[in-house]
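As written, the chains take the letters A, B, C, D, E, F, G and H, and residue 1 is the first residue of each chain.
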Amino acid sequence: PRTGQSEVVFGQGKSPEQLVLAVGGLLEAGQPALVTRLDSARGEYLAKHVPEGVYWPTAGLFTVGRPVDLSEPWPSAGQAMVIAAGASDLPVALEVLGCAMFFGLDCGLASDVGVAGLHRLLQRGESLAKARLHIVVAGMEGALPSVVAGLYGKPVIGVPTSVGYGTGLGGIAALLSMLNACAPGIAVVNIDNGYGAAAMAAKLLG
Amino acid sequence: PRTGQSEVVFGQGKSPEQLVLAVGGLLEAGQPALVTRLDSARGEYLAKHVPEGVYWPTAGLFTVGRPVDLSEPWPSAGQAMVIAAGASDLPVALEVLGCAMFFGLDCGLASDVGVAGLHRLLQRGESLAKARLHIVVAGMEGALPSVVAGLYGKPVIGVPTSVGYGTGLGGIAALLSMLNACAPGIAVVNIDNGYGAAAMAAKLLG
Amino acid sequence: PRTGQSEVVFGQGKSPEQLVLAVGGLLEAGQPALVTRLDSARGEYLAKHVPEGVYWPTAGLFTVGRPVDLSEPWPSAGQAMVIAAGASDLPVALEVLGCAMFFGLDCGLASDVGVAGLHRLLQRGESLAKARLHIVVAGMEGALPSVVAGLYGKPVIGVPTSVGYGTGLGGIAALLSMLNACAPGIAVVNIDNGYGAAAMAAKLLG
Amino acid sequence: PRTGQSEVVFGQGKSPEQLVLAVGGLLEAGQPALVTRLDSARGEYLAKHVPEGVYWPTAGLFTVGRPVDLSEPWPSAGQAMVIAAGASDLPVALEVLGCAMFFGLDCGLASDVGVAGLHRLLQRGESLAKARLHIVVAGMEGALPSVVAGLYGKPVIGVPTSVGYGTGLGGIAALLSMLNACAPGIAVVNIDNGYGAAAMAAKLLG
Amino acid sequence: PRTGQSEVVFGQGKSPEQLVLAVGGLLEAGQPALVTRLDSARGEYLAKHVPEGVYWPTAGLFTVGRPVDLSEPWPSAGQAMVIAAGASDLPVALEVLGCAMFFGLDCGLASDVGVAGLHRLLQRGESLAKARLHIVVAGMEGALPSVVAGLYGKPVIGVPTSVGYGTGLGGIAALLSMLNACAPGIAVVNIDNGYGAAAMAAKLLG
Amino acid sequence: PRTGQSEVVFGQGKSPEQLVLAVGGLLEAGQPALVTRLDSARGEYLAKHVPEGVYWPTAGLFTVGRPVDLSEPWPSAGQAMVIAAGASDLPVALEVLGCAMFFGLDCGLASDVGVAGLHRLLQRGESLAKARLHIVVAGMEGALPSVVAGLYGKPVIGVPTSVGYGTGLGGIAALLSMLNACAPGIAVVNIDNGYGAAAMAAKLLG
Amino acid sequence: PRTGQSEVVFGQGKSPEQLVLAVGGLLEAGQPALVTRLDSARGEYLAKHVPEGVYWPTAGLFTVGRPVDLSEPWPSAGQAMVIAAGASDLPVALEVLGCAMFFGLDCGLASDVGVAGLHRLLQRGESLAKARLHIVVAGMEGALPSVVAGLYGKPVIGVPTSVGYGTGLGGIAALLSMLNACAPGIAVVNIDNGYGAAAMAAKLLG
Amino acid sequence: PRTGQSEVVFGQGKSPEQLVLAVGGLLEAGQPALVTRLDSARGEYLAKHVPEGVYWPTAGLFTVGRPVDLSEPWPSAGQAMVIAAGASDLPVALEVLGCAMFFGLDCGLASDVGVAGLHRLLQRGESLAKARLHIVVAGMEGALPSVVAGLYGKPVIGVPTSVGYGTGLGGIAALLSMLNACAPGIAVVNIDNGYGAAAMAAKLLG
């Protein structure tokens, strides 16, 4: 399509049969396929019926026709750097990484480097300073994008996650925090929308 | 500062004296100055006490030390294109344009090209297709970023505005619309935050 | 009843026994019966105990005494056209179609024609232009009614769906988008309320 | 334009000069003009600079080029009937009536006939029963559309108003009430959006 | 206790053992016991371990030591009348009735008499007119209290229920409707709080 | 009317002329008149044009044809007792008292007896214990109804006020507090709705 | 770490394997370990794989390397006193107590002493008056901190819980109540955040 | 009173006369007086009628009978340190400082040291490290408490301010951020509630 990115299937709320059909259609048209937001039942069903593809359970992604690899160790540097606050944010961070790989973006990942332990963030300083764009994934109070933008001055795409409880409001607290950041150069995508951040980054750097 | 952008003064909620002091400090340090969110009383006070600067009332900006010009006709093309839905969104669109000029970004403006009259948008197709980034400013239902991203496939920074009434909720409806856009490649800043969009664009294209 | 429409049973929150009783009462009174919002457990129970009726699982409807058929292919044209944004919106779109058939309304369905791929919408242009009324079913950012109203100028009944996640807020984002549409001629029903849209359309065109 | 309705200017948030320009443009193009949501300062400015038009202060409308008359007595019957709950809802009810007249719709008005005094509603029974469509305007608890739909069985366009206080939430309570009405055949527009209801009605009956 | 009403145990969120202990303590002190908001697992556990008591599954109540009987037919008249809009509201209506019986209040129940079918309400007119207080139980748009207060002029305790979906917001729409009712003489308790309405009524009429 | 209470005019959002007309109509029909929610401009206009009536500025009421007197000292005892938490809640408390007087209810007032200084509440114990009903007026955290119901065990009508700031949310915090009170026997009216509480009390005790 | 408190693992949203790894890492580094918000499946998995530690199911905690004991009877006095409103609040109260023990804080617990039965609170007066700090745990209307602060005048940390239903909004009502308390000397943590309250208390008294 | 703190008058929503009366009463009883949330009209009225007191316009405070001085330079160190993010937060920061002085608390102030310029915070490191308690005042995204708690490990009282716009929601964004902070040892007061923070600090350190 016009945007230079292959069409992506929104997996949530579709039946297993609908998904196999949609992926099959793309493959027949000679296109690669990416399906997002897949629970394990439907992900494994897809992987069984489209054996040339792979289901990545933590990321909830199914990919076929493009070189995607989400097994550890994850790339530690790249033009775009994904920065994830806590271990509980990993599913969303891996959705960013997997989609970025699918879109052919050179992308690294620094995980478990949240605000409460800034020294861990600073240890990753070299690869962070080299990147052209930071994709910051954080739940709870969502303060990490402000801090990263303040420290490195790169453009930041904030991805609020639904990690948290009570007044976290399923990610709304983190989202509001990112939207109201004083540090300049932050724009935000939907809660848990790793795919959207990767698509934006790929268009910006592509 | 580290980010390559001069410090910007948040004008809202400061006294006229605080503002003159802040701008004076920057000028004495040999830096240009940009103040945002200024009503006319405080804007004119600043312009009177810092006569080398200019107050732009529709945009609510005060600028000094950088070539900014918000008088019509506005530039019709640029690396970044500001696309404003309705005439009521003009104050925010001009905040984007003025800040972009201050940051030295090559930026154009297409105004009054909302979803309800798509032909006006299509008439601007040439300059829109040449830009590397679209900054879409819209209130009410905030559907314009989806449509622009679908038509041109460029990365889009969405700026929801508080234009509207009732369930517009002061811009929340437009914001939610942009955050939930199906079209890939859209990231969003705070309601009415023209400054933030310009800062992001300048970092991305700078 | 006075409105010219048979009474409809709200299936949610009723026990299987209550449902069989309610449907039985209508049949004994010589009336057809429509039950909405039935999960499969209660839908199949009804179908077993009222064998002259049919349970339509995707639409969550049970119908008896009127010619309803929700198997594919769906009618591609009609006085009223249901326009559904994505495949995930199909359950609600089929609730509209099934209820419309029950009310005797001439109704077609165009599915998977969302804002992100406007060409698919334009391909259906002929049947869309012939209809007297559009019923637009969309989740996520809910921008499709604006676009359809802008393109075809027919009166539009918007049906926001709960498809989406995060700031989609279970359909609130789509609802707000539709309520704030600039394009004239749009009115809205409750989230996922396919039945309500069909009832309104039947009254308007009946 | 395609929709068969003249373009309408959204008056809120525009400067007096912008408004005169917009109306002037329409008149020069040989079109009638309707401007909505005008406070008295800008309404009177318009009336002074475009003397062939009229400003209707209670309705906040400016009209020119079409026969509109909002002085009392208002038409008591019509194909569409506006039904207003309380005297405080009159500004919105008159926005409906004025826009309907501008669109050439045959439209009557029954005012001050709210739920707390149903006998006043029933006294208007004859003209209400003859109409093809009811446009029900109500603030506070917004229960009138349910009652009107239950009594007369006509299709209803609900217009919630911001009349009320506290938990009325500026019209949200009335809106929610209308969206959740059990009576079939109700669709809803934005809070205080008399213009939108009139546009919808004109398209439906035109 | 001081209030003249026995202490009532809030069943939700307590373990089966905690519940048996609490009820046992009351019985040993020679007091009757009422437990509210019990799902069937914990209700049946209680009934098995405190065999002199009864668990009423639809109402979610456990009672012992006072004459409570929730089997049909329910009393059709009383000093207080419970008026329930739809069959889905029955669990809450029976919570009112059961608690009222426990508190020794003379209380009747009229069910399935919602706004969409006012004739069913009017058929119950005699017993409704004789009552001193109306307890109106309704979900969805929650308009029934307004109508009942308008028709009969008795003081009304409104009990919003969580019946509904989408913008019903789990009972918030019904609650707001009741709080904003124009008809005088309505006060409201928490969503689904049948117990609270019965306690208030018992104090008022006791 | 049927309810035994004279009709009451909702003053908010009406023009001075509408108000004089409405009051004049009631007087001509030989009825007393009560107008609520009047700012001083319109209240004084009414008092000037209907000189036999009185405008009570703190309460925002206009009364004529019934013995109402809101000057100090207020009655310290009565069948119904108004209990106001803080001096800032006085306008709402006086709206209750004035309306109660208009409805002929025997009503006293205890002011400035909030939760933070319970000894002041306890000093009023005698008259509080004698009343049949408590009307508790409180803003901020709205905890006073819980405490009053716990101490005296009378039925309580809670009136949340908009006194407070920040997370007080214009009275929502107080409202939620009252709706969720554990103490039995509390029902609630709209924020700042002194009139509604008085009407309910008059019906209950009348 | 710098704060003098061992690092604490946020258990929610982590896989059993991640948890064993995280705890193992701390133990190997010679540190004690505390894991919060553990359901029984993951809690028991941890207890099985790290047998020197203990899982406390009601509190949802896993502790190792520090003397923690949550079996009854709980300490009835301490420098800090946890005061829990109802038996349903016990899980959160025990999360406070367990974390406090882990941090070495001298802490007691008074349970089931809510606003509706103030005499039970007053019976605990001696130990409450001796404490230097009160940690008040309450759901529903959350009024207990106001009352405790009013009675004893100690600094209070309020912990709203998600106990309640309907307008309790999962703890938001209790939170707002505490934030808007008139009594001075109350600060608040997140809903159900027993850990946070204990950490604050330990820092204040440590 | 019992709490060891003089009674404080809530100035908002009281008439000038009520205020003079309240302050006069305290002075006559030989007590000092503190009035909060005073706009300049009422503040100056008080200062004129109670000439022995002082009105501090930026802080909105009136004080008499205790040594309070809010003129610059503010104390740069103290047992409690107020840390204010931006110059727009100064009114709230000075409310904390003024109330702290009134309560006799040893308190310093570091202003304009927000997250976007962490170096300014670090320059104040010495006095910050010496304090026993940090009171962090911040609007917009409210991330400063997290960062301060992470850097210094002291207990933190967070004071969200209403500084910001759009999704700042009048301070709700900052509040949520603070409530969801991962860093341990943060408790929060109401938006703009400088008084509450000072009262809490005085009780903790007093």
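The rule is simple: a residue touches a chain if its C-beta (ideal position, glycine included) is under 8 Å from a C-beta of that chain, and two chains touch if they have at least 3 such contacts.
The structure displayed is predicted, hence computed values, not measured ones.
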Set of chains whose contacts include both chain H and chain C: A, B
Duplicate of the G-H contact set - from A-B, D-F or C-E, the pair where over half of the pairs recur: A-B
Centroid spacing, where centroids are CA-atom means, of chain B and chain C in whole angstrom: 41
CA centroid of chain B to CA centroid of chain D, Å: 34
Chain centre separation (chain E, chain F; CA means) in Å: 28
Contacts with two or more other chains, residues of chain G listed in rising order: 1, 10, 86, 117, 151, 166-168, 172, 175, 179-180, 182, 184, 190
Contact pairs between chains, per stated definition: A-B, A-C, A-G, A-H, B-C, B-D, B-H, C-D, C-E, D-E, D-F, E-F, E-G, F-G, F-H, G-H
Complex interface listing, chain D residues touching chain E: 85-86, 114-118, 140-143, 146-147, 149-151, 164, 166-169, 172-174, 176-184
Interface residues, chain G side, partner chain H - complex: 1-5, 8, 10, 133, 149, 151-155, 157, 175, 179-180, 182, 184-190, 195-197, 199-200, 203-204
Complex contacts: residues of chain B adjacent to chain H: 1, 10, 12-14, 18, 22, 37, 160, 162, 170-172, 175, 190-193
Chain F partner contacts - residues on chain D that touch it in the complex: 86-88, 117, 163, 165-168
